[in-house]
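As written, the chain order gives the labels A, B, C and D, with residue 1 at the start of each chain.
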Amino acid sequence: MRYAAPDSVSEAIKLLKSEPGVSRVLAGGSDILVQLKTGMAAPDLLVDIKQIPGIYDITQENGGYRVGAAVSGAALGEHAGVKAQWPGVIEAVELIGSTQVQGRATMAGNLCNASPAADSVPAMIAAQAIAHIVGPEGERDCPVQDIPLSPGRNSLAKGEFITSILLPARPENASDAYLRFIPRTEMDIAVVSAGVSLELDSSGVCTVARIALGAVAPTVLLVDAAAECLIGTKLDENALDAMGKACSAAANPIGDKRGTIEFRKDVVAVLAKRAAKIAQTRAGDQS
Amino acid sequence: MLPLKCGGRKMALYTGKRNFKVVGTRPPRPDGIDKVTGRALFGADLSAPGMLVGQILRSPHAHARIKSIDTSAAEALSGVKSVVTSADFDKASNSPNQDALDNCMARGKALYHGHAVAAVAATTAYVATQALKLIKVDYNVLPHVIEVEDAMMANAPIVQGGRRADNAPDGLSENITHYMSFGHGGLDEGFAKADKIIERTFKTAATHQGYIEPHACLATMGPDGKADLWCCTQGHYYVRELCADFLGMETSQLRVTASEIGGGFGGKTTVFIEPVALALSRKAGKPVKMVMNREEVFKASGPTVSSLTDVKIGMTKDGRITAAHAMLRYQGGAFPCGTIEFGLMSAFAAYDLDAVQAEGFNVMTNRPRQAAYRAPGAPVAIYPVEGVIDELCQILDLDPLEVRLKNAARKGTKSSYGPTFDDIGLVATLEAAQKHPHYLTPLGPNQGRGVSCGFWFNFGGNTSVSLNLNADGTVGIVEGNPDIGGSRASISQMAAEELGIPYEKIRTVIADTNSLGFNDVTDGSRVTFAVGLATIKAAQDAVQKMCSRVAKLWDIDEDAVVWEDGYAKPAGPNAGEFEPMSIAEIAAIANSTGGPIAGHHEVNADGAGVSFGVHLVDLEIDPGTGQTTILRYTVFQDAGKAVHPDYVEGQMQGGAVQGIGWALNEEYIYGPDGLLQNPGFLDYRIPVASDLPPIEAVILEIPNPGHPYGVRGVGETSIVPPLAALSNGVSRAIGHRMYELPMSPPKILKTIKG
Amino acid sequence: MSKIHVTTTLNGDQVEYLCEPQETLLDILRNRLNLTGSKEGCGSGDCGACSVTLDGRLVCSCLVLAAEAEGREIETIEGMADGENLHSLQQKFLDHAALQCGICTPGFLVAAKALLEKNPDPTETEVRFWLAGNLCRCTGYDKIINAVMDAAAEMRGA
Amino acid sequence: MVKVVVWGSLRAATGGAAEVNVDAATFKEVLTQLEQKYPGLKPQIDRGVSLAIDGTIYREAWFTPVKPDSEVVLMPLMVGG
């Protein structure tokens, strides 16, 4: 394996594109280093993108925030602006791994690793986050939900990588929340998870809802049927129950060492309902 | 302290209350600074010039015949200096040793996923890893068996032939290596007296000790057959015995030095990589370092038994147990495993019973060879018993502590495993729990309180200690048991107490195998008891020598000199008028009064004294997810005299948390292919700091009559009660009984939903 | 396989080393620079025994490539005491008997120091969650938490 | 004579008796006598046994005295932990 740390986007693209063997991008490294150690990944070239100018930046953009691909969970969590606007995304990112892993792990890496249990991904999908991708064919923006294809596979072409992720602007009375279930209180991979983003009108009626579920399908599920149960309601018990049922119905999990099918289908409803209540409270607190 | 008579004393056993000066205080540990600064040297921290890196090739199958191993391509790789297989080891001298060897390196058959098959030593880790890929092993994959109940069936795949117990019942598998029973009294009459009888079946998963330090060693063997081995182990003398046996060496030619040890809990009481490193070093003629990775630790070292147990207990309406029976089935991996004995003997040890029987089997499966884990066999035997008692308390509407007190073993009780108990602390711990504010605190919704008793035998065993008096009056103690939780501090304290000098004047070190007589493994909670006892006697030996020198100096009878608070003094007015001599004064002139002064003691210590504990837990269940939150936890344990209370508390807290992990989340998970699915800390979920509340430790000091200071072992009992305490707490919180460990959230949620 | 030359600042001193691309910072610390205070308990970021700080951020050195340390500042357990003066946390770990075997201790100390630099007055719950990535199998964590809380109080007072 | 209690599954070797009498004054003599009188016990004794004498467990202490009225209980050898 060779290691390169280019100091420009163009140099990084050139390295990635011209590598005849397997190349991988290194950001926080919390997934790729484990894969290297266990032999699950054996790239010929590892391209460290952290020397690229701006890759650590968090900038305001059209009322939202653009988060550089190398921004660690710990750094993002310290950003008061993003935290106020997208508390659910922040809490999801902060759940990736331990404090130590937080010092390195990135949203972009979490997305590209394409695990259905990735903590930040349901929250980002609920937030309609947009990834900014560079590559040999130029730059493009891509909704985050289009990036993971199946466990461990993403849609980026050879030579492409993410330089930043945009968390868009929000109207008033809008907020989000993320909950996951793990057997312990820390250090586990989500057995099931739910990210909920809501917009309320001035009377507290839900006008927009996005509900994304993790670890219940090969990729994160955005469940429109669940969202529809909330729109037009004040998230009363009936609406929440219907939403929970829609989540359970949409879930198509596997049973494995981390949880049974039955458990995942049950608990995803519980978490989605709890997350929706939290998002509602947060949105209401803004008015 | 009591003045010691110096002439011809016999070891006094515990003689009642005394005012300790050093024992019972909390001085800093001698290895403390090294451990908070990163200087302490653990197993993987030593290197040697020209050192090679050793790595092991492991079986990808649960059970397979090894038809051939072709190592030629690996040997041809540049940088590879030696390759070994089972052919490079001698036949062991006895059956248990042969099992240990065959576990280190598969002979003929790979018996479990991860079983070592071959090993290489190379100039770098990278080359070693490449070399492993070049070893060609031709396997004939065989049917495998993982669960104890399957392995008992007559048609089960045979893990190893020829190991069947003589007395195993007909119609069951050859995998049964032990059938045993213990107990007394008439069960039929006993059950006839009961108002309520219930019988339940309980299952536990195999768990791992989970020490944070992987197995590691550095071996050097020369062409003259002399060898040195540095390794993290609980017993370097046993490592020496096994390695010398496997390599055909004389014991004197192998010196084993124990590194600082990063946790063991029983799992470092045997060998895994050490003989392999020596064999690689012998072949390569260079030092070889081997360090397991975490996956290897889970796959190839450690796990406990898993179990399937039926318990039947009869109780009167007022809570008296009239009869009790248990049928235990343990699997301890691919080799015969005697842990069932401890399970059977401990299952009902907490109770005074007229009619009791515990019978059980050990069965082989295609899993790693069981290694001891803190009170081996006892947690999974006592868990079902305490579960049935708790369920009876609920059915009969009785207070669970009251019922346990009513049936508690006490002095004079004929124990369920035979002997009659001397002074024991169970009643005291139960009464302390009853009075503790914890037991009286009201519970909220979805909350439950669990109670359980626990028990462990405690060991004594073979021990050697030397105590060297230095010219400045300070003392060096040489002992031979790796310090796994602060024992150097407690040994120094006991020596200080006995000599009557300050703790700071003493330094205790752990000797290598050539520098001190034999010592048993650090196991069975034996060190503070047995090494402490030998240290006290070594101190008395030194005191006697000092008194003798002083008697000569004063020209009086040896019997006329007594030792008090670090001074030799005349025994009384009749002995004459002499200025007391301090240890420093005696030491300063030792060379002129007969030469260096040292005390020694070698003993096979008995009289360890059993230990009981009671745990209380309050917990809350999330009815939506089945998650358990522990709200409050209190440990009550009879510790005998607590030499260093900080480390006694530490043992109680640490054991409790290991038991909590066992109860809630820890387990070996196998797929239908017999492969271990969770060989890592990510999915083998040991408790983390945020999972836990403070663990309150209440020490009860019921002196052990078998030790001069009343010391009992304290290290193991604490892992026993959490299994049932949590199970009982969860069962009460959700209103349904749980019968299986771990109580992972999917299982709890399923039980809640019926 | 060509080696990579790295210049970095380690416990305040400039250090240079050659590393292979796949070598981790932990490998280099332990095997090349002889700083064996950082321990390898898992190699996968699940135990925290190899904790160090990288430009002030707490990380697992087993999840950092040695090559990535170019131009960065690394602090390890070996840099924690000031000469013969222990850091408050080190002293409190001794005072509270917050270690039994001691293998996890360096990682806990480095992690706890990073916490107190960020949050000098943490609640017990905050300490427990911050340290959840550091596994200890001996103590049940109780005395470790007490030691960190006590050190925090002392450092605030000092 | 000393009364020795044997555990349940060993009673096959003692004709079903839970207690047997041997003529012994020490730990070692108890074992020697047991082997001679009940050869079926020998395999277990060879594997290793402890003796609880008046409540104290002795592992290999051959010369430990045993009195005629001592409570003597045969137990498996206590190792590993």
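Operating definition for what follows: a residue touches a chain if its C-beta (ideal position, glycine included) is under 8 Å from a C-beta of that chain, and two chains touch if they have at least 3 such contacts.
Quantities reported herein were computed from a predicted structural model and do not represent experimental measurements.
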Original post:
So which one's got more C-beta contacts, A-B or B-C?
Top reply: B-C
**OP:** Measure off the straight-line distance from the CA centroid of chain A to the CA centroid of chain B, and report it in whole Å.
**Re:** 44
**OP:** Can you check how far apart chain C and chain D are, centre to centre, with Cα atoms defining each centre and the answer in Å?
**Re:** 55
Original post:
How many Å are there between the centre of chain B and the centre of chain C, using C-alpha atoms for each centre?
Top reply: 29
Original post:
When the centre of a chain is set as the mean of its C-alpha atoms, what distance in Å lies between chain B and chain D?
Top reply: 26
**OP:** At least two other chains touched by the same residue of chain C: list those residues.
**Re:** 22, 43-44, 46, 129, 131-134
**OP:** Would you give the residues of chain A that are in contact with at least 2 other chains, written as numbers and ranges?
**Re:** 38, 185-187
Original post:
Can the chain contact pattern be summarised as a line, a ring, a star, a complete graph, or none of these (other)?
Top reply: other
Original post:
Name the touching chain pairs, would you?
Top reply: A-B, A-C, B-C, B-D
Original post:
Which of the residues in chain D come into contact with chain B in the complex?
Top reply: 5, 7-9, 12, 18, 43, 52, 54-61, 64, 71, 73-76, 78-81
Subject >> Touching residues (chain side chain A, partner chain C) in the complex >> reply: 1-3, 5, 26, 29-30, 33-34, 36-38, 46, 48, 50, 72, 74-75, 97-104, 185-187
Subject >> chain A partner contacts - residues on chain B that touch it in the complex >> reply: 295, 624-627, 664-665, 669, 677-678, 681-683, 685, 687-688, 690-691, 744-746, 749-750, 753
Subject >> chain C residues within the chain A interface of the complex >> reply: 2, 4, 21-22, 24, 43-46, 48, 51, 54, 57-60, 62-65, 67-68, 70, 111, 114-115, 129-134
Original post:
Can you name the residues of chain B that touch chain C in the complex?
Top reply: 26, 28-29, 31-42, 44-45, 47, 126, 209-214, 260-265, 291, 293-294, 484-486, 644, 646-647, 649-650, 653-658, 680-682, 686-692, 694-695
